[in-house]
Structure formats: C-alpha cells, structure tokens
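Take a look at the structures listed below.
One chain, chain A, links the two complexes that follow: it is found with chain B in the first and with chain C in the second.
== the complex of A and B ==
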C-alpha cells in the first residue's frame, strides 16, 4: 500500500534528494550536541569531583613527610599507586596537643609487580578504631567486631573490580567487607584494610617473592595523618601547634608538611573554574556557530526550493503546510544529529572518564544514569529548539512569497 | 460560474508601473471551454493566477460559484483552490523526488483540512482513505493512457507524458475548474491534438476549462476565445 503524503513524508524525501546538504546539516547538529553534552557532563563531573574530594578528605589537616604533598595529591586525586612514610610516633606527638577532635593515620602500600594480583595494587592500611575518613563511605552495613575482625577488613574503592565479593592478593583471596561509594577521586581505585591485615599481606608477599616498597617494620610507619580539629581551633593555629609539637619531639629528624584540607581543595577549585570557563566559552561559540550555520543553510536552500514550494502552493498547500514541511525537515535533522552526537559523547566520555581525569589533572566524577539521561534530554531539547528556531526565518519567508511566477 | 469584476492589476518594473489589467471584467459559464489568447506579457498567465487566487488583483473581485475568493483567509483560499481548481502548467512542475504516482496523489494530501474532512465524510479509516487515493490516481493515469508510468520519476518523462501527468494531477480532486497555462507548449502536433482532445472531453463532462495558448489550432478547438 502506498504511504500517505504527509509533511514528514515530503520532508524526508527532500532530505534524501540532497544527501550532501543533509549530511552537512546532520554533522553540524551532531557536533553541537556532542559539544553541549560534553560540556554539561564536564561541568557537573568536575564539580562533583571536587565536592567528592572535599567530602572524602573529611579532615581539616593532613600531615605528610616533608616534600610529599604532590605525591599525596596523586594518590588521593588520581589513585596513582605511590608510597611515602614517616615515623608512627609523629601521630603520638599530635595526640599530645589539645587542638584535635579526631586523629587517625593511614599507611600506603604499593606493589612493585602487577602480576601478583587482580589489578595494580594500592593498598591503604587504616586504623578502624580511630578512623573517621573511610568507614563513613561504606555502602553497606558491616561489623568490625567478631568474625569480620578475625578475617580482616577489606573496603574496596568504587572502581575496584570485585568479583563475587572477593579480591585476590598474592594467591590468597579475601572477602570484601564493604564497597565504598563513588568519590570521583583516586581513592575509588584503592583497597583499604586494617593494619594487622596489611602486615599479613606484606609478609605473604615477601614470602612469595613479591616486593612492596615499604622497608622493614611496617607497624612503625605511617604515610598520612588526618586530623579533625576542635571547633574552637582554627586550621592555622592548630597547624602551628602541631608543627611545634612534632619539632619538639623529633627536631630535624622527622620533617613534616601540614596540608590544610580546605586549601588542598581550593587550589583544585581555582584550576577547575578556569577549565570550566574555557569549556563553557567553547560550547557557547560552537552553539552560536552551529545555529547560524543551520539558519544560513536553510535560507540558501530555500532560494533553490522556491519552485518546489510554488508547486505545492498551486496545488492548494496553505502557509501552515509549507511551514510544517520546513519545520519537519529541521526536526528530522535535529533528531538525527542530536541522537548521534549524544550517543558518541556518551560512548567516549563515560568509559574514558578516568583517563580524562588524568589528562586534565582534575578529579572527574560522572553523574548517575538518571543525571546523565536528564542532561542528554536537555541537550536533545536545546538542539531541536535551535534547529526549529533556525528554520523559522525560512518558514516565515516562504509564507510571504507570491509563488506562481516562480514556476513560469 | 466565474465572474471577474472590474479587476485592476499593476506591476512595478525598472521602466515604471506596468498596467496589466485596467477595469477588466469577464463572465465564464460552467462547462465552457474558454481559450485565452494574447501577446507575451499581455497578462494571460496573470489572469489564470488571479482566477486561481494565487495573485491578488489591486482592485476588483473574483467570484467563483458565489464565493468572492479574495475575501477568504489564506487557509480557506488554499482549501478552495485545492478542492475546486485543477492547474495544468506550461512546464514540468513536479516534485522531482516523488514518483509519478505520488505527484498525482499529492493534491489530495497537500491540504490537511481536505484530508481530514474526506476521511470523516466517507466514514473510513486512514488506510481505506490512502487506498482510495491510490486507486483514483492509478485510474486517472490509466484513463490518460500512461498507467505504465506509475513508478517512473518526472525526469524520465517525455514532453507528451509530462502534460498527461500534469492533467492527471489537476484532476485528482475532481475539481470543477481546470486552468491550463500553455499546455501544448513544446509538444509535437500529434500530441497537441491528443491533449486538446482530453480537455475537450473534460469540458463535455461539465468541467469549466480555461486554456491559455499562442497556438491558433489549439484555440480553434475552444468554445470561445478571448484576446487580451
């Protein structure tokens, strides 16, 4: 059966008749939707990434060995396996002061081989009794006491591939106590365990011929000390008090660096805002260019199609019908371009978000499925509206022509 | 009945104002085969486009079967033209990307008001309506001896076939009035005779045919000829 000749049918056949023009317009809308959705995702993911760090650090002050601030950033922001240590008694010196509310420490253990385990290993040992950083991000409830404690605690970062709740290190499998919710930072690639278990893994590895860069006597070392200060203290005064306390106990023997959590994030936030300005400005430029290009192409193509519209007019098409053909063409182009743009944008950005994060040097936390779907829908609506708006001038022009002369 | 009452039509040209019609009146009875003759630029095609409501006269009115067509809104006028007037133009005036069958079916679908009304009036579903349109278009092409061209495209048609398809398209909505603007231009004598025979038959069947031509032999077949 023959199809009814609707405005959509006419629009489709017009688009098919000019394949190069159609492809060019689809390409423009494709680029526009790709850039718009990318900028939406980048904006929200980068902001979420920074927020993730802010929330995850959860400490007002962090103490690292002097000169290791950058390495601490690498571990916390990008999950780059690394290690640095200072004497555990630094933690005792901090506890002697009266400016803290919570103090806990972590030990970073990095394998020298990737063949040992399910993935390149960055294991962080933490103290479950004093911890106020890691446990709060566990997705499911767990018991530290009783049996779990005997077997050791294993918290898996959100990106860690855990099969059937187990993870393998040095031929020994360990049950994951809980997965941690996504942060968009490097800690998503980390396994956390308690200090006792960390020591067992360390010794297991040694026996099997694998090495960890930690030197001897893991129990005597810490990598980072996290401090939550008392409400009546300020980060600056607390940092000074702690620095003096550590200096009094160790002198020049143990040099430390105190990083303020807020400043740690604010440097990133500044970098983020300059990147966002660039992204948003680029998206805006692409949007304007694409909008004008579509409007110009429609306008030019209208001149070569006056004869076609004249014929329709002679046959009894009113201006509404002519407009609807033009708008349907814009709709089809907008739909085709935005769907492909959205598809390719998601295909590139979602799987490669870790790589993107590394390349731009900022944490990147993609939103949930719902958030991305909403962004894609918003981009789709913007695209369609832009295409229809750019066809509007042509539609108004066509309805004002006295068309019969054109077919003579 | 078509009544053209005291129309005036001017055009602006680089040489100044050109008067095409100055207080021109004409009455055309139903079922008449009227020939319109005149030199180039005399206003023959302009007269047809005014009757079809495609160009508005500067003054005067056109009344078709009691309807003053220029008092209608754009939408109403297009609906009126779609229903009551079939237009056969001088040249290939097809949508190149549609087949011959689709070009002939086009007038039925091009006015949304008409499509809706017909479906409602005939109390049929949309598919039945599409079947009806296809059958009618096929029937017209068959009547005009070109049913073999159903799936051909306009670029594949010869001069004579082109005019026959244009006539089929003009008849799609079974209009009362057929306007033909030099329909035998660029076809040979034999085909001219065949085309004129078709118009003659249409007129005999009660349709009003207004035909513009330079060709005396064509005009000789008309019931009446006016010279502009």
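== the complex of A and C ==
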C-alpha cells in the first residue's frame, strides 16, 4: 500500500534524508532540555533544602561552646558525626533570664567504628518534655508518656536504615518510635533519643566493647541549647542578655558562642543564591544558543531547499502546506530532542540525588514525583514552543517566496 | 552482519561490561570485613547479569536475523529488569543512604538496567518497523 504524501510524511522524509543535520539539531534540543530541566530541579531542590534547614532549626538562638560554630553547622547541614560539650548548668543560667519562650538542650554522641558498614552515626539525646524542635518532625504520631514508660523514645532520621520498624545499633536492635520526615539536610542521618536511652546505649556499648567519644557523665553535659525567644525580644538583645547571664554565673570558666538562627540560614541562602545565579545563567545561555542555532539552521537549509519547495509548489502544494512541512520538522526535532533530554536528565538526577547533595555541600531535597513530572512537562512545552518559534521566520519567508521564479 | 546490528550489539556489550565491572570499580560495593554485607552478594549477581548482557550483545552483533534479535531483546529486557531489581528489591545494598554502595553503586546499576531495557525496546521497535 502506498503512503499518502502528507506534510508529516514529507517532514519525516526530509529529516531522514539529512541524518547528520537531524542528529545535530536533536543533540542541540537534547542539551537544552537537559540543562533546562536540571536547572529547574536544582533550583527547587536547593530552595527546599534551605527551607528544610530553616524548619529544622526552629529556634531563634543556638548556644554552642565557643569555637564550635562550624562543627555544629556540619552536624546540622551534612550530618557529619561530631561532638562537643559544655556544662548543663549553662541551660539553668539561660532559664534565669526573662527573654525566652522555650529552652531545650541536646547532647551529641558519636559512634566510632572501623567496620565499613557500621557507619559512624550521630546520636543526639534530647529532652522530650522541653523539646519544641524534634517532635514536630516526626512522621507518625506517638504518645510520649507511653513510650517513655516502655523503652524510651527513638527517632530515626530519613536516611537511617529502618527495617520492620527496628534499627540495628551496636549489636542490639531498638524499636523506632517514629521516623522523621525528610529535610535534605544532615539531620536525615541522625538518630534522636531521650537522655535516659542515650545513657543506656552509652553504657551498653561500653560493656560490649564499642568505642564512644564522650566525657564521663552524660547527664551533666549538653552540646547545643536551643532557645525560642519571647515575641517582645529581639535576637540581638536576647543574645546579649544570655551572654551576660552565663558570664555572671561562670566567668571565663565556660565560654559560649551564640548562633542566631536567622543569620545561620541567611549565610546559607547567600551561598545558595550564588550557585543559583550560575545555574540560571548557564540555562539561559544554553537556551539562547539553542534557539538561535535552530533558527539559523532552518534558515540556511531553506536557502538550499528553494528548488525542492518550488517543485512542491508546482505540484500543487500551497504556501500553507509548505509552512506546515517546516513546522512539522521543527515539531519532530523538538519532540525527539526534548524527550531524550528529559529522560537522561531524570535518569541521572533522581537516582543520584544523595550523591549530588553530598558533593555540592548544601541541603538538597528533590521534590515529589508530581513536582518533577510538572517540571518535565513545562520543559517539554518550552522546548517545543521554542523549536516551532525558531522555525517561524523560515516558514514566513517560504510563504512570501515567488517560488515559480526560483525554478526557472 | 548488518551495521545496525553491530551498533546495537556494541551498546549491549558496553552496558554489560559496565554492569559487571561497576560494583568492583567506580561504583564499588563495601569490602568484606568482619561482616559480609548484602551489597557483596548484589555485586556477585550483577557480575553474572553483566556477563550475560555482554554475551547477548556479541551474539546480536554477529547474527542479523530479525526474529533472533527480537528474541534476544526479550532476554535482554529481562536481564535489564534483573539489574534493577537485584540492588533495589531482591537482595539490596547497605541501609545507610550515605554509604557508597547505596549512594553510587545502586543508582548506577539502576541507570544501566533502565538503559538496557530502553535500548532493547528501541531496537525491537526498529526491527518491527522494518519487517
């Protein structure tokens, strides 16, 4: 059966007859869709990551021992196991002031292991009664009193291996009270527990010969104190009040550093914006280059193909038919290029998101399946529209040609 | 030997070699220490699956019969599914998502598996259209 000569058929045949030109144009659209979609995903994932850290900090002020600001950041951002301590009475000094609404503290403990898959884990002890940060991240609801009476609270970060609701930890298994929602930050690799359980793990591990880096008495130590200030206080004035209160109680014996939650996030946001500018600028450059390249190639190929179009015109094709051939070629090229570009972009970014997050050193949280699908569809539509738009000038030129004159 | 068959055959040979070599090189799994981790067994199965894909690829490059090629594509698609399912469902890798086997080896093998299935589908469509 013979095929009907439609404009789609003619466009397909034209593209097939010039395989190198077709491949080059598909490659350009492929690159464009790849860069565009990855910039979309990077933009939203990095912004979500920062939002995650903003939500996770949840406190206006954080008190750490002097000189440990960077270590506290690396625990929160990258989950790098670390430890630092100050006297628990610092918390009491903070409570004596009148600028706080909520005060809670956490104790950091780091496991040490030589074996490859007993990955060093950050265990953080928190006080469930005063806590206003960790409990809000729990995915499932739980009753604190019940759990406390049974076997203690055990929260697992999103990246911690949980099998059948249990986590294997230093040769013994623990029931997970709740899993924490994904934040795209270091706290996804952390285990949170109450102080009693933390002490129990500490003693059990010691007996079994596992190494722990910590002082002698965990109960007398804290690593970070989180403070939510009163509405009528400002972070600066509250920080000053607390610093003075701690200095009056301890003098030079216990030096502290106060990190303001907002400033901590704004430093990150600055780093993020410089990366985003680079990503967006490259995406824009690729977009312009691709758009111009396709337009130029269409324009050049039109000059070569004047005779071909003239013959079609003589055979009865009207200017609409000729325009439709050009648009169909652009449509096929755009579809093929953007489809493969989106496919390869998703193939790399989604499975390797943990690795990407680790390499860029910033909180990175990829969106849901729906968000990614919407981004892919938007890229597809942008690509297709720009391919058709780039062929537009050539199509208009074709319709204005006095083609009969060209064949003579 | 047809050009297209050699082309597709070579792609499968390369993907097969990558599947077999990845868990022991650039996307390495954990070394065997006191404990033997799950990823060690995953690597062994992937080695076998990778060799199987590469052998299918060589056969494809040498034989151009389209019925044979369609049949081998079915086998390759099943192997590709195996490459994906072994690290994700059937055996798995270490639990901590930051581990090299979970962050690099598993996604790399999933990507290779998807590519094996995609190339098998593309060649099947190409052969089907040519019949």
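Everything that follows uses one rule, which is that the second predicted complex is superposed on the first by the 380 of 408 C-alpha atoms of A that agree within 3 Å, B and C clash if a C-alpha of one lies under 4 Å from a C-alpha of the other, contacts with A are read in each partner's own complex, and residues count from 1 in each chain.
Note that contacts are C-beta pairs under 8 Å (C-beta built on N, C-alpha and C of every residue); 3 or more make two chains touch, one makes a residue touch a chain.
Bear in mind the structure is a predicted one, so any value in this text is a computation, not a measurement.
In the superposition on chain A, A:312 makes contact with chain B only, not with chain C. Contacts of A:6 after superposition on the shared chain: chain B is touched, whereas chain C is not. By the touch criterion stated above, A:70 is placed in contact with neither chain B nor chain C.
Judged by the touch definition given at the top, the superposed model places A:17 against chain B, while chain C stays out of reach. In the superposition on chain A, A:355 makes contact with chain C only, while chain B stays out of contact range. Once chain A of one complex is fitted onto chain A of the other, the partner contacts of A:347 are limited to chain C, with no touch recorded for chain B.
Of the two partner chains, neither chain B nor chain C is touched by A:303.
In the superposed pair of complexes, A:160 makes contact with chain C only, with no contact to chain B.
When the shared chain is aligned, chain B comes close enough to touch A:321, but chain C does not.
Between chain B and chain C, more residues of chain A are touched by B. On chain A, the patch touched by chain B and the patch touched by chain C do not overlap at any residue.
Put simply, chain A touches chain B in their complex at residues 1-6, 10, 13-14, 16-17, 307-308, 310-321, 402-405, 407-408. By the touch criterion stated above, chain A contacts chain C in their complex at residues 79, 115-117, 119, 159-163, 188-189, 343, 347-348, 351-352, 354-355, 358.
By the touch criterion given at the top, residues 30-31, 33-35, 37, 94-99, 102-104, 106-108, 110-111, 114-115, 118 of chain C touch chain A in their complex. Of all the residues in chain B, the ones that touch chain A in their complex are 45, 49, 52, 54-55, 74-75, 78-79, 81-83, 87, 89-91, 93-98, 101-102, 105-112, 114-115, 126-127, 129-131, 133-134, 169, 173, 181.
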